[in-house]
């Protein structure tokens, strides 16, 4: 960090001294997010005390999080490119239904035995998620349909397919082995499914931040024309991003299947809009190009804590819905002001730099 | 730095808020038994009445009994709620599941945690929950519905019917038992559909489907509805067509179906009182918590539950209410 | 009669001081040509007048009435009309509605009278002598028609001052002549007209005054008789062009790097042939829309040709995507660096590394976290980007430094052929010189350079040869002794 | 975008569908190609249904279709107006039920048991809530989808928490509202019963005409298309974005209020937790009708066509003896198909014109 220019830029108004050394929207909204998390947790502590902050309850929060977290990650990932994926719940249901079918189908069990059948079912579910994501991505890229529209249509197609295949009925009675593995606890306390989520978050986030794919995706979200002119692999990047969304959704489906020991179209419908809310609250820019995927996890946990606290305090779930909506609106309004501050700051800065004398040193150009 | 300041300001606000909300929640209930009903969905009149029963029980027995429910009928949300209740270590969980199968693992977990679990409207959960409390035997309820239908139709004619969904356990039990019963008892009745219609418990869907069916089968003489939305919308459709010759029976609430009973668009409605069911379920949980015996013939202190029968972990009352033009006003739910 | 006076107008954006205390006066019945190089602040100045932008300081005085800023509605109510460079049309609306849009918004509030809209549109088009299908969706029509509609739209208003921002760029010469006739007629009716252009030759005959703007500052006002093309160029750029050029030494006998043979694309350009040797800088002059940029986009894989072939180092090539072009060593520094070249909110080093991370891909498509920084820092030093650190967002840089970042990102790919489309648009003189230096250095390293430019000096100074393009064809070639600004500008005048 | 500038003045105007459909559907707006496809789909489907059940081709079926689809179409028209401006609204159903609930309560409470009063209250409240949407969106230039999503939560919260809404059943509904849903304009005997044209056709026609008028005959309506088509150009032309947004979101809100009252009268039950969750279905119908998410395109006739298809699919299941299971699948397929055609065309056109912004 260059202190010189920061200092000079902060002389104007005293409030500027409150701002971080380098002004950028991402940093500001992240500060707000963590301030919000801290405040909400403090508020919950004030109201509920140990009724909320006890090990059992905290573990329970972790246990309830996995599918929601995976779906939110998928939603956040789709927002990186400035898109959105409304089909994730339908994909999760469809994948779960197929896995449930395979796990409970007599001929499969007879031919493969229970363990192999579970493995096959999981792979098949993943394949469904990947296939659905591929389809979304290809339609978006090839036909140029906006992602919102594509995934609205494909959501209906996938949910319709799931309903059609099952007649709307649930499939139950998963093998105990499967249910036990997913709902097991690591070290006896931490839910295995949450560990899985943690691993996936770290892996996806690390991969996106350090891979050609991730760089391309963020750059595409920032400016898709420049990405095209910059020779980035646009088509494959978008297709891969929706494929990963689909895969994450199918994982969420598998987790739900284990948690509920059954699967049916419509399980988790409520998560769809909540996942959008989480992603935006976590700082993912719906216009694309900005945000940190890893921030989604604390945000999901935050909302889950609120949800849990509301249940414990037996408050109306609609009050929770209202508070989330209001929080989101407030958060976006704040970001609006941050953007203004940043633009003003950069304008002042650039003018200052332009007026500075020309640089004289330089290394000769090499190949 | 912005973080620190925000936290400070936020913290001050929260202190105020926290104090206020603490006052609002009231003091912790201390040693009272905590019995929680997790209903299907918030904001529905059926469960509002059930809440009365649960709270009445709390008042009668000095227990901390209350009801919660998710804002949507999504089984995943309800499962999360029950899970939170387990973590809260309540003494008993009463549950009216949106999807009995999906909540099974969570109820098993609750049992493992030593919580008494009582289900309602979910016979398939018998054995998973400590007890499943039913207002009646579903088979009897279905047969009664078809008896009423036959009576209204004069024992002959074509009829059709609607359920919440073909995948809804209780509705299908009523329908199957009733159809079986009707085939044996009323040979002149004819069910014109291969399977009942589905309304997904949505009034608009029900209305459109019933309407379409009445148009397609103009010679229909009777209609049953296993869902409240189905039977009330069937009555409304009949009213819209002014076809009082079509007799509608089915599950109904005094508050919703009363008007149709009054005006003669619905012949009879039958139901059970949600408040009583809630009360009875809470009572069973209470007895289980107190270690009192739960056996056939005990009195759950509510009409219809004064002499329950027990079979395979299911507690049956005989709390069927048949609502007619004359008696629906006696009930306020 | 004085109509409009601007006093000390200033405006700055991220990256540039667009206007710096500008004063300007215009009277009724006067045609003022606002001259300046790209990025000199002409458009910003007019946006302030039209209410599209709010000036940071200064006053706008309209017939004695002073304003700190104008809103678009205010400006229109005063009788100021502007035709923007990007036309500001509504592609989804019909031609008639686009033309009569203001009338609908102001007069037809409660009941849009469509027959009258048609009449108004037809009348306005009639005045222009143009013929457009009134009920076609404007977005479906070619750019020329859209330009015509935009002008017709301005004519529907009770307009006292008409500002035209680069109005002739997309118009064929026939329409330019008609436009000038129109302008004379409007002028005789007492309307004031401001022409914004950096290609003023065509306007010498109608302009009453030239007003020259450079780097956001007023340079001066001149009568047409005081000026020559050369003098105007000097005033606009601040560079005294001494008729010298710095020709690149290159091996004229070397095997050509790029051979373009009979290249054509329907409706854009046809039968284009030329070759490029290592170390050579070939220029393309001509009007916007003459096919220059279109050829560049073809070579860059974004605009597949219908006919002809391209041979790169002896190998035939028809890139279907920028990726393919880049892989073959062809890169394009496009004219519009904001939308096509830069990721504005991303760090400088991320911008520079954006072309190379494919190359530094390691196992599983992963990148080493340090590579971005090392590539970024190296190139920031090489092209002398003025920044405290590579982590700054690229939007915090001045225009010239932004362009250096664009150059750096392409140089990082070690290209064989560099296509530059107006590489010094809207950047300050200092950076401009530096960029020219860089380009010459690149040529010395044996790369081929194609330079498209509206700036004739730039072409003369840098290029070994310059092609003149007109209506999709190469019409003449300038080299050696014919490659002078005078010759080029004569050629350009003939071409338009 | 400079690269657009190419010497194409001589290029012929791209051939467009200027047939009867195009002329019917207004001034080159919307997507006549897509609409003719949609009309074709509807006709084919009707023929299919009629082959299975010849009785289907009757006035009774038509009247049923109108009654059943009226409320949804009314709210879809509001969605259309917002979509034309390039926005998207998902709070309209929450708004509808809030408005209907409050209108019912106020009608009961004041004893002014008149339909007109209830409608005025509901539409006024709906318009206010809609205007709040428009205000927030304009003031902070927020993405419309997320904003209205948040608003949906807020509206539902206000309804359930602050107003403590509980279902109002048929017996307790104001008489005027009770019979709004069953009244018919005219009727004639049909077999054992009656066939009547529901009074819903009145608000439906009013909404259709009003929306058509707003979009095609008022300056605000044209400004709405302009904003959706090119926001920057609209601003430069002096279009007051705040005003237009306030008007269109308030209009959408008013239609939501109207729809809410129609819906509760239709099913004779004011259920505060109903409706919400069906937003995407309405959006789908509007998009099937040719509205573009990016704005600038969409027509009233398109909405009518889209809603006709969706309502037909929903209301013929019993007739053709299909379960509802595949319903969503078909609607989804229709959506993707129709969107593919129009967007693919636009993409190719943009590529040819060297416009890389919208591909």
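All chains are identified by letter, namely A, B, C and D, in their written order; residue positions are counted from 1 within each chain.
To be clear about the criterion, a contact is a pair of C-beta atoms (placed from the backbone, for glycine too) under 8 Å apart; a residue touches a chain by one contact, two chains touch by 3 or more.
Predicted, not measured: the structure shown is a model, and the values here were computed from it.
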{"item": "Third chains touching both chain B and chain A", "value": "D"}
{"item": "Most widely separated chain from chain A, with each centre as the mean of CA atoms", "value": "C"}
{"item": "Chain A-chain C separation of Cα centroids, rounded to whole Å", "value": "41"}
{"item": "CA centroid of chain C to CA centroid of chain D, Å", "value": "43"}
{"item": "Distance from the mean Cα position of chain C to that of chain B, given in whole angstrom", "value": "71"}
{"item": "Interchain centroid distance [CA atoms averaged], chain A/chain D, Å", "value": "31"}
{"item": "Residues within chain B bordering two or more other chains", "value": "42-43, 71-72, 166, 198"}
{"item": "Interface hub residues of chain C, defined as touching at least two other chains", "value": "302, 334, 339-340"}
{"item": "Residues of chain D whose C-beta touches two or more other chains", "value": "156, 160, 277, 323-324, 356-357"}
{"item": "Chain pairs in mutual contact under the definition given at the outset", "value": "A-B, A-C, A-D, B-D, C-D"}
{"item": "Parts of chain C lying in touch with chain A, wherever the complex brings them together", "value": "12-17, 300, 302, 321-323, 325-326, 332, 334, 339-346, 350, 353-355, 357-358, 361, 364-367, 369, 381-384, 386-389, 391-393, 395-398, 409, 411, 414, 428, 430, 438, 441-442, 445"}
{"item": "Residues of chain D touching chain C in the complex", "value": "1-11, 13-14, 16, 27-29, 216-219, 221-223, 225-226, 228-230, 232-240, 296-297, 349, 354, 356-357"}
{"item": "Residues of chain D touching chain B in the complex", "value": "53, 55, 60-61, 64, 68, 156, 160, 165-167, 169-172, 181-182, 191-194, 263, 266-269, 271-274, 277, 314-319, 321, 323-324"}
{"item": "Chain D contact footprint on chain C (complex, rising order)", "value": "50-52, 71-73, 75-76, 82, 84, 86-94, 97, 101-102, 104-106, 108-112, 114, 133, 135-137, 139-145, 169-172, 175, 267-268, 288-291, 293-294, 297, 302-303, 334-336, 339-340, 471-472"}
{"item": "Residues of chain D that touch chain A when the two form their complex", "value": "88, 136, 139-143, 145-147, 149-154, 156-161, 277, 280, 283-284, 287, 293-294, 323-333, 335-336, 339-340, 343-344, 346-347, 356-357, 359"}
